[in-house]
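Both of the next two complexes hold subunit A, though its partner changes from subunit B to subunit C.
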Partner chain A sequence: MEHLSVVAQGVSMTLLLTLSSLLFGAIGGIPLVLARRSRLALVRFTARALIELLRGIPPLAWLFIIYFGVGTGVIELSSFAAAVIGFGLVSSAYMAEIYRGGLTAIHDGQWEASDALGLSHAATLVTIIGPQVLRVSIPAAATFAIGLLKDSSVASVIGVQDTIYWASHESTVTGDAIVPFLWAAGLYVAMTIPCAWATRLLDAKLRKRVAR
Partner chain B sequence: MHEDTEQDRIAISLESVVKKYGDHTVINDVSLSVREGEVIAIIGPSGAGKSTLLRCINLLEVPDRGRITVEGNHVDAGTQISHKDLVRLRRNVGMVFQSFNLFPHMTVLRNISLPQERVLGRSRQEADARSMKLLERVGLADKAQQYPSRCSGGQQQRIAIARALALDPRVMLFDEPTSALDPEVGLEVLAVMRELAAEGMTMVVVTHEMQFARDVSDRVVVMAEGAILEEGDPADVFTAPAMDRTRKFLRAVLER
Partner chain C sequence: MTFFNDWVDYFPDLLGGLGVSLQLTLVTLLIGLPAGLVLALAAGSKKRVVRVVAIGVIEVGRGTPALVVLQLFYFGLPTAGMTLTSFVAASLALAFTTAAYTSEILRGGLQAVPSGEVEAAHALGMARGDILRFVVIPQGIRIAIPPLMGFAIMVFQATSLAYTIAMPELMSQAYSIGSITFRYLSILTLAGLMYALITIPASSLSNFVEYRLARHR
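Take a look at the complex of A and B:
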C-alpha cells in the first residue's frame, strides 16, 4: 500500500492532461472538419493532408518535436504545455474524422429545411447541424477519450508528472519493478471505467430525448 | 434580380425552365405561372419531375436554364446567383417536405421560433407568441414543449406547416406532404391545407391525393417525363383529359 499514495499523486495530472487535450481536440476538430468539406479543392486537400499527418505520426514523436524542437528553439514550453499541444493536435485530427462521420449521419432534409427557411449557412451550422453532429459524435468521442487517457502516459517521457511518471519514480526509488506499475494499471482502469459508464448514460439520455 | 411592379398579380412564374442531372434532363423547358391566391396541384407519375420543378421555385434546385420569378423577384439560370438574391426570393416562399424535416434536437416551439429570430430578427417573445398562435391554429398548442420525436407523423407535418407560416410567406410549396403518412393521419394535414387555401394563400402542391387535387385546387397541372402534359380546371382534367398519357395515369391512380 505504501506505493499507492505515491503513484496516485499522478492521477490528477493524467486527468488534467487528458481533459485539456480532449478539449483542444474537440474545438480544433471543428475548423478541420469544415475545411475538409470546403467547396475549394485546395482547402479540402490541405485539411486532409494535415489530418493524415497528425494521425500518421506517433504521439511520442509529436511530443519530442514540440518539446525539444519548438520548445527549446522557438518558444519556451513547459512539458505539460508541450504535451497538451501535442495530444491536442493529434486529437483535433481524430475529432475532425469523428465529426465527419457525424455529419454524414445528418439527414439531407435538415440542410434543405434550413435553406428553405432562409437560414444562413453559418446559422444552419451553428444552430441546426452542429448540435446534432455533437450528439451523434458522443459515443465515438468517448471511445477516443478513453484511448487518449491511456496514451497520455507517453507524456511522462518528456517529464509530465502523471500516473505512470510517479509509478516509474517509485519503482526506481524502491527497487520494486512490479508493484508500483500494478497500482498504476489499477488507477488507469479506475479512471476509464467510470468514463465509459458516464458516456453510455449520457448517450442513452440524449438518445431518448431526440430519438427519431 | 429586381423588383417588378407590372406583374404583381402573378405570384410565381417559371419561364422555359430546364434542369439536368448530368446528361439526364429532369425538367425539359417548362413554363408555368401561378396567380396570387391560386392553388395549383401538380400530379403525374413518379419520375415526372414534379418535385424537382417545385424545388426549382425556391431554388433548392438551381435550374440550368430559364427564369424564376417569385413575387416580383427574378433569378436567371446560368448567371451567378448571389446569396442575397437567394434569401430575398426565399423570404416569400414557405416549403413543406414529404419527410417533415423538423429539427429533432429542439422542442416544437423552438422549431417554429428559431427561424423567426434568425431570419426575420424577431425577439424571442415575439417569435414565441407567433409560434403559439400558429400551434393553436393547427391544433397542437399542447405539444409546444415536446420534442418532435414525441409527435405523430401527422402532428409533425402540421408543425412543419406552422414553422413555414411563421415566416409570413406569400407562397407555400408542398412536396407530397401526405405521402409519408397513413391515410387517416393525412386527413388532418389536408384539413390544415384546405383552410390555408380558403384563406387565399398561394399554394403549389405536388400530390398523389387526387381527391384533394380535385376539390381544393383551382388548376391541375399534369406532368410526365419532365414536361407539362396538360393543365386546366380540375373538373375538366379529371373527367375529360386531353392527352392519352393523362388518361392512362388517372386510370392507374383512380382505379386502385
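Take a look at the complex of A and C:
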C-alpha cells in the first residue's frame, strides 16, 4: 500500500493535463471545423492538411517537436505548457472532425427555417446550429476524452509529473518494478470509469434539447 | 536553408529508425490480431467463466495506457525472472493492447453477420464450429476490415512509445541525433513528417476500402 500513496500523487496532474488539453481542443476545434467547411477552396484545403498532419503524427512526436524543438531554440517552455500545447493541438484536430460529424446530424430544415426568418448565416451558426452541434458531439467527445486521459501518460516522457511518472519514480527508488505500475494501471482504470458514467448521464440530459 | 541540409544529412539514419517502427507494427499486429479474435470469440462464449475472464482481460487492456503496459513488461517482467529484449517487450506489450481493442472491433463485426444466416446454417445441419469457421468469421472480419485498418495506423503511431525502453525506432533515432547535433527542431520535424508520410496515405486507403466494401452490401 505504501506504493499507492506515492503513485496517487500524480492523479491530479493527469486530470489537470487531460482537462486543459480537452478545453484547448474543444475551443481550437471550432475555427478548424469552420475553416474545413469554408467556401474558399484554399482555406478548406489548408484546414484539411492541418487536421491530417495533427492526427497523422504521433502525440509523442508533437511533444518532442514542441518541448525540445521549439522550447530550446525559440521560446522557453515548461514541460507542462509543452504538453498542454501538444495535446491541445492534436485534440483540436480530433474535435474538429467530431464537430463535423455533429454538423451533418443537424437537419437541413433548420438552416432553411433560419434563412426564412431572416437570420444571417453567422447568427444561425452561433445561436441555432452551434449549440445543437455541441450537444450531439458529446458522446464522441467523451470517447475521445477517455482516450486522451490514457494518452496523457505520454507527457511523463518530457518530465510532466503525472501518474505514470510517479510510478516510474517509485519503481526506481524501491527497486520494485511491478507493483507501482500495477497501481498506476489500476488508477487509470479507476479514473476512466467515472468519466464514462458521467458522460452517459450528461448526454441523456443534453440530448433532449436537440430538435429532430 | 540549414533546415533542408539537416534533412538531407540525417534522412538515411531516420529511415533506418522508420524501418524498425514498421517491423514493430507488423509483429504487434501478427500477434495482436489473432489474440483479439480469440478474445472476441471468448467474450461471446456460452460458458460464463470464459466470458467473464475474457471481458475482464478486454476491460483491463483497454483501460490501461499502452505506456504503462510497456513499462510493466520491460521493467517488471525481468524482476519476475523473465528478461526480454526491448523489441520482444514492446511487441508483446503493444500486442496485448491491440488484442483488447481489436476484440471489440471484431465482436462488432461478428455481431453484424445476420442471424438468419446462422439459423440457415443450423438448419442445414452444420456443426457449431463449422458455422463459426465458414459463415460467421469470414463475413465478420470483412465487416471489421476498415476499423481494423484505422486501428493499425494507431498501432504504428503507438510504436513511438518504444522510445521509452531504448528501442532504436524512429523517435529515439531522431532524439539521439538531436541531442548530438542540437538541431532538435529540424530533425524532430523531419521525423514527424516521416510518420505522417505513412499514416496519411494509409488512412486514405482505409477510407477507400470502407467505401468499396460498403458498395457491395
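Note that in this section the second predicted complex is superposed on the first by the 207 of 212 C-alpha atoms of A that agree within 3 Å, B and C clash if a C-alpha of one lies under 4 Å from a C-alpha of the other, contacts with A are read in each partner's own complex, and residues count from 1 in each chain.
Basically, a residue touches a chain if its C-beta (ideal position, glycine included) is under 8 Å from a C-beta of that chain, and two chains touch if they have at least 3 such contacts.
Predicted, not measured: the structure shown is a model, and the values here were computed from it.
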item: Contacts of A:Pro131 with subunit B and subunit C, given as first, second, both or neither; value: first
item: First, second, both or neither for A:Phe181, with subunit B first and subunit C second; value: second
item: Subunit B versus subunit C as contact partner of A:Asp203, first or second or both or neither; value: neither
item: Subunit A residues touched - subunit C or subunit B, whichever exceeds; value: C
item: First, second, both or neither for A:Val189, with subunit B first and subunit C second; value: second
item: Contacts of A:Ala123 with subunit B and subunit C, given as first, second, both or neither; value: first
item: Set of subunit A residues, in rising order, touched by both subunit B and subunit C; value: none
item: Sites on subunit A touched by subunit C in the complex; value: 52-53, 55-62, 64-65, 68-70, 72-74, 150-151, 153-154, 156-157, 164, 167-168, 171, 176-178, 181-182, 184-185, 188-189, 192-193
item: Of subunit C, residues touching subunit A in the complex; value: 59-60, 63-69, 71-72, 75-76, 78-80, 157-158, 160-161, 163-164, 171, 174-175, 178, 182, 184-186, 188-189, 191-193, 195-196, 199-200, 203
item: Residue ranges of subunit B in contact with subunit A within the complex; value: 58, 60, 83, 87, 90-91, 93-95, 97, 99-105, 114-115, 118-119, 147, 149, 160, 163-164, 167
item: Contacting residues of subunit A [partner subunit B, same complex]; value: 107, 109-110, 112-113, 115-120, 123, 127-128, 131-132, 135, 209-212
